[in-house]
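Each in structure tokens, the structures are laid out below.
Shared chain: chain A. Partners: chain B in the first complex, chain C in the second.
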Partner chain A sequence: MKYYEFGDKTGRYVGRTEKYDVYTSTLTEADKEENDNEEKTQGEIYFNYGPSAGGLRESVNFQILTPGESIRDVIINSGFKNRNISIIGDSISDAMLKVERINGFHSASHSIAYALAVEDALNIENDDLNDARIVEIELERIRSNIDVIKGLCESAGFAVPEKQLLLLREEVARIISGAFAHRYYFSVNRINSIEGDFSRISLRTVEKQFRSIYEGLLSSKIFLDRIQENGIVLNPISTGPAARAGNFRYDARLDSKSLIYGKFNTVLEKDGDTFSRFLVRAEEIFESINIIESYGVKRIFRKNKMELSGSGDGTARIESPAGDLFYYVKIKEGKLADIQMSPPSYLNIRNFRSALRNKNIFTDFFFVWESFGIWISELEVKFQ
Partner chain B sequence: MGELRHLDIGTGGEVSVNWFINGIRKRIQTEKLDQYRVMYPSVLEGMSDYNCPTEALRDGKWDMDKCIFCRQCDLDPTGNQDTYSVEKAIPNIFKKSLYLYPVDSGTCGACNVEFTTLFSPQYDSSRFKIFMANTPRHADALVVMGVHTEGMERVLQEAYDAMPEPKVVIGLGACALSGGIIGRGAMEKYDIHIAGCPPTPAAILKAIIEARDKK
Partner chain C sequence: MIYYYIPLIAVFLASLISIRYRTAGYIITAIASILFFLFTFKIFDYITYFYLIAAIVWIITSVFSISYSKKYGRWLAPLFILTIAGMMTILYANNFLVFITGWEIMSIPAYLTVAINKRNDIEAYIFMLFSEISTVLIITAAVLSYYYTGTFNFTGLSSDVVLLIFAIGAMSKMGLTPFMISEWLPIAHGSAPANSSAIFSATMTLMGVYGILKIAILSPVSIDIGILFIIIGVISVLFGALYAYISENMKSLGGFSTIENNGVLMAAIGLFIAVNDSVLKEFVLISIAIFAMAHSIAKTGLFISIGHTGVEYFSAVTGGKDTVNQAGKFFAMSSLSGLFPSLGGLGIWMILESFFMGAYLYGPLGIASIIAGSLIAMGEGFATAAMLKIFYFTDSHRRSSGKNLENYTILGTGITLVFLFAMSFLIIGKNYISGIPSVLVFNGLMIESRLGVSDFGLITPLYILILLTVFTTIVFLVFGKPKARIAHRWNGGVENDQYYNSFTYSNNIRLILKRILRTTSTDENRVETVDVFWMIMINIAMAYRKFAKFTAYKIMNSRISAYITYMIAAFILIIIIVSLI
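Let's turn to the complex of A and B:
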């Protein structure tokens, strides 16, 4: 473990695995979580929404406490689709097939973070893959941010930009499949290897198309009115674009050594509302394009069929599209003895709840939900 | 305001975009279903005695429904997106409109995203008279995605029961069909099997169209 140790809380809090609370460079035993549900008072009802309903992409249930129009609290039951993944005892390469399916939409982030943790555990030299891995993650971030903004347009009933962003999301999926032969990076990242042709990544038209949609949205008073001053969260315990939208300079690209980034601009906003999260996601698309272009990775990478064995424990923390993603692995003779993962959705779903409790009305619900880019898939996995 | 801004924010005072005109200007972006191809997933060919992690290879035979297209065996991808099979034709009554209701039983999220891509300008499922229903009561076909999970078992059954007769059940992706690499399949039987991890939008549409044309 080059970058982490077990011990006292140090640095900022980045999330929780099944066993540990994760800080920027230490792991501690996980604290118990208090139940802080609001008491239902006379005249209030719980409005039940989900787990399966039109408008919800994944299965999740919300119980919205309301006296009528305003939202006082929301109890989130995300456990319906909990998957038990049998992975302990797998060889470290076989386990990758499961890891990349924890969150398929952010599979590059998960598979690279896992590979980095294994490489840390087994002291495998990986510097030559640093830049290519960054390119993959930034490309994934572009697609993910487009998707979040598409969700906001959908919630606002803005069908034209919504469809244009769907078109663009598909364009990016095709750029990914052109380079990696798969639209979600499955079977692309391996321990100490990548399979892909980076010369096929060109983002010029994506940038142009996105700029025109973004310009349109910024000039749409109705759209801006809907997303301003709602879903406010200014919480020092936050991650990713949601933290940066509240002026917290939190970014694993700045404070983790698992991947070494060159210079780039951190996008910060001050108000912590849905609009700020929209701005951060949009501006980060341009920044990710700049990062990808600055590396100029154009080579073909081929799978390396090296036999892996050894023992040790290792960690990795990277900035996935929604924030800090952390992996811990314990390896015994080439097999996984333990795996712990903290996804950004852990903090984001909690901050989504605080954001909603902060003077919102029913119609704000979807904007606020979409603006956090939460994935239940990565939140509800149990490793066995 | 933030430190970095690629565009200035409109005050609303200037002329804002007319999205209707903007949409028309971009012209029709819809494509033929074979226009774009991807290698994984696509129909695999050849022989392999590799010890497949999902048992999709047995006695020299390839079982598409179990395959997660992991590229580890010696089978070769053809680029052909017909990764589906139709067990039962879609009833004639749905020729002019077919409403799909998706249920996420336990997915990684990628099948969900591919499903929503059916409604993108490139695929525009409405030209094939395929639409999305917001409730199972208005649905003609249930689209099941993801592995079996304890929490979703009852929800899935309730969605199925709530649909009016006749109803069609579509299994979308390796997880729903066989459990893939993650668990076990979400349902016992499907009328339409769409393999892939995840299946491509073209494969999903082609499967439904073929099932509708089948006598």
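Let's turn to the complex of A and C:
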């Protein structure tokens, strides 16, 4: 473990795996989580939403505590999407097939973070892949951020920009597919290896089209009225775009050494509301395009078959589109002895709850939910 | 001649008899009410329509009380009947002295009813305070009337001052803005039994309307006072309906609904005072009578529905549903919402027609009319929401209850309202009744609103009812009973036994109008609102106390120099006032 050690809490809190609380450079035993549900008072009811309802693309249940219209608390039950993954004892390569399927939409982030952790455990030199991996993740970030903004448009009933963004998301998926032969990066990332033709990545049209939609949304008073001053959360324990929307300069691209980024602009907003998260997501699309172009990676990468054996433990933390994604692996003679993962959705779902508890009404619910870009699929993973 | 007063004598006797024989007292009161109506009601003499209204309410509440008042002590029946006796005295009165006597006979047993069933002292005192303010102002109006006419008899007045003072007096009893508290607090928090709440809300406030109207008929046309009454009325409509909608105490909801209805009547009386066109004036008078009739009967239905639940708050309702009860409630609540086919629908149609015709009078009155009409229509929207709340949340929908007399009384009010709606063409003057035989609307069945000689709008209540009934029957006969497939509701895929309740139903308005309602969250995380008029009154009272304290310390402080200064200042002030006069 080059970048992490077991010990006291140091730096900012990043998230939690099944066993550990993760900070920027240390791992500690996970604290017990306390129940802080609000007491139901007279006149209030629990309004049920989900797990199988329109407007939700993953199974999750919300019990919204309400005196009518306003939301005082929400109890989130994400356990309907149970994901027990039998992975312990698998070979490193076989495990990759499962890891890259944890969250298809953020498959590049998961597979690269896992590969980086394994490379850390086995002391494999990987500097030559640094830039290409950054390009992959930033490309994934563009698609993910477009998807989040599409969700906000859908919540507002803005069908035209929603469909335009869906089309744009498809364009990005086709660019990914053209370069990597799979739109969700399956079978692209391997230990110390990438397969893909980076020369086929061109984002000029995407940038132009997105700017046009973005400016249209910014000029719509109706849209802005729906997302401004709701879902406010300014919590120092946060991650990713949600943290940066609250003026916290938290970014694994700045404080993790798993991938070494060059100079780039961190997008920060101050208000911590849905609008701020929207702005951060949108501006980061332009910044990601700048990052991809600044690296100028245009070559073709071929799969590099290498024998993987040995023992050790390693970690990796990267900035996935939704925030810090952390992997810990323990390898014994080429087999996985332990694997721990802390997804960004862990903190994001908690901050989503805090945001909803902060003077919101029913109609704010979807905007706040979509603005965090939470994935239940990665939240409910239990490695076995 | 003596037979004319038999009902009044009978009711006074009934109050005595009821001390020992409660049921007999109620039966005598109901019979006396029937006789009262038969002896006093004159078709097309619209002021006597108030006698019909009062009689219907007294009959219904007396019958309801036979079963209902068993739960209460022996003093409820005599006090209840004595209140009715006071009201009957008011209706018999042809001079101020008898009117004031009736007013007090009506009020005093009412305080006692509130005081006997009290939880705190404050409600009975507030009730007494506002009643006595009203009495003092009505006495002042009587003295002024004597000054102008030389008699205490109700006779033509040359000045509108008597009307103004009398109206302020009656308003404080009716709970109109800014005296809202006088209506809802004793009813809501005084634990007044439902039968008493019904007559407080349905007929006691009606006596105020009756009194104002009686003086208004005698007074000269006055646009200023008319517009003032319209403004007071409209504010009462909006706030009454708003507070009714957000009320969790069912009786408080009923009280606020009465404020809203009295507001409509007050605004219409304002229009009546301000209008000079004799045709429109008569139409407004009929509108007032019809609306008052609808309100009083339906309000009785509302209070007995609430009384039937046996609890005060929506959250405590556990009683099952019953078809008879629901049918009665449906029509009573439709009437209070101003919907067809009930008398309230006709009443609000006539009131709105009056205001929209008033717009053609141009000038300040025209502007006031059109704005008032629009705002009253808006208030009725709120009222519909409040009535839906009563309709839905006074039953527990998961089981059925057994049948009893109380349910049939509620049905009785509902049917009365529909019957009066259908037959309304019989009690409206010939000037406003016509027909269009070419489209099978026969002469004598259509009601027309008129401004001068010209038509304005028309309505045929009997046809509405017949068409509704006929089409429903045809559909039923052709297609049979609708086949409803009851499916287990889909709740996101999980079981959840939480149901929307009355509080959550109306919380949207608490949030939307939080600046007006002063919606706050308490330390226990409960959402609370404030009656702003009550808050303003408290602030005025506190400011007055502060001023009085300041005066006491600075001027009335036993210092001879301060007294001399005060006396000199007062002397100069009096000289200035006298010289100005």
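Assume the second predicted complex is superposed on the first by the 384 of 384 C-alpha atoms of A that agree within 3 Å, B and C clash if a C-alpha of one lies under 4 Å from a C-alpha of the other, contacts with A are read in each partner's own complex, and residues count from 1 in each chain.
Just so it is clear, a contact is a pair of C-beta atoms (placed from the backbone, for glycine too) under 8 Å apart; a residue touches a chain by one contact, two chains touch by 3 or more.
Bear in mind the structure is a predicted one, so any value in this text is a computation, not a measurement.
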| item | value |
| --- | --- |
| Combined model on chain A: chain C and chain B, fit or clash | fit |
| Dominant contact partner of chain A by residue count, chain C or chain B | B |
| Partner chain in contact with A:53 - chain B first, chain C second, else both or neither | both |
| Touching partner for A:79 - first (chain B), second (chain C), both, neither | first |
| Which superposed partner A:158 touches (first chain B, second chain C, both, neither) | first |
| Which of chain B and chain C A:330 touches, first, second, both or neither | neither |
| From chain A, separation angle of chain B and chain C (C-alpha centres, steps of 10 degrees) | 80 |
| First, second, both or neither for A:133, with chain B first and chain C second | neither |
| Chain B versus chain C as contact partner of A:38, first or second or both or neither | second |
| Partner chain(s) touched by A:16 [first = chain B, second = chain C, both, neither] | neither |
| Chain B and chain C, minimum CA distance [Å, superposed model] | 5 |
| Intersection of chain A interface sets (partners chain B, chain C) | 51-53, 80 |
| Chain A residues within the chain C interface of the complex | 38-39, 41-53, 61, 63, 66-70, 72, 80, 361 |
| Touching residues (chain side chain A, partner chain B) in the complex | 51-55, 57-59, 79-85, 94, 97-98, 101-105, 107, 147, 158-161, 163-164, 166-167, 169-170, 173-174, 177, 181-184, 186-187, 195, 211, 214-216, 218-221, 224, 265-270, 279-280, 283, 286-287, 375, 377-378 |
| Of all residues in chain C, those that touch chain A in their complex | 248, 315, 491-494, 496, 498-501, 503-508, 510-511, 524-527 |
| Touching residues (chain side chain B, partner chain A) in the complex | 1-10, 12, 14-17, 19-20, 22-23, 26, 29, 36, 38-40, 53, 68-72, 77, 101, 103-114, 116-117, 119-123, 132-135, 146-147, 149-152, 155-156, 159, 180-183, 197-198, 200 |
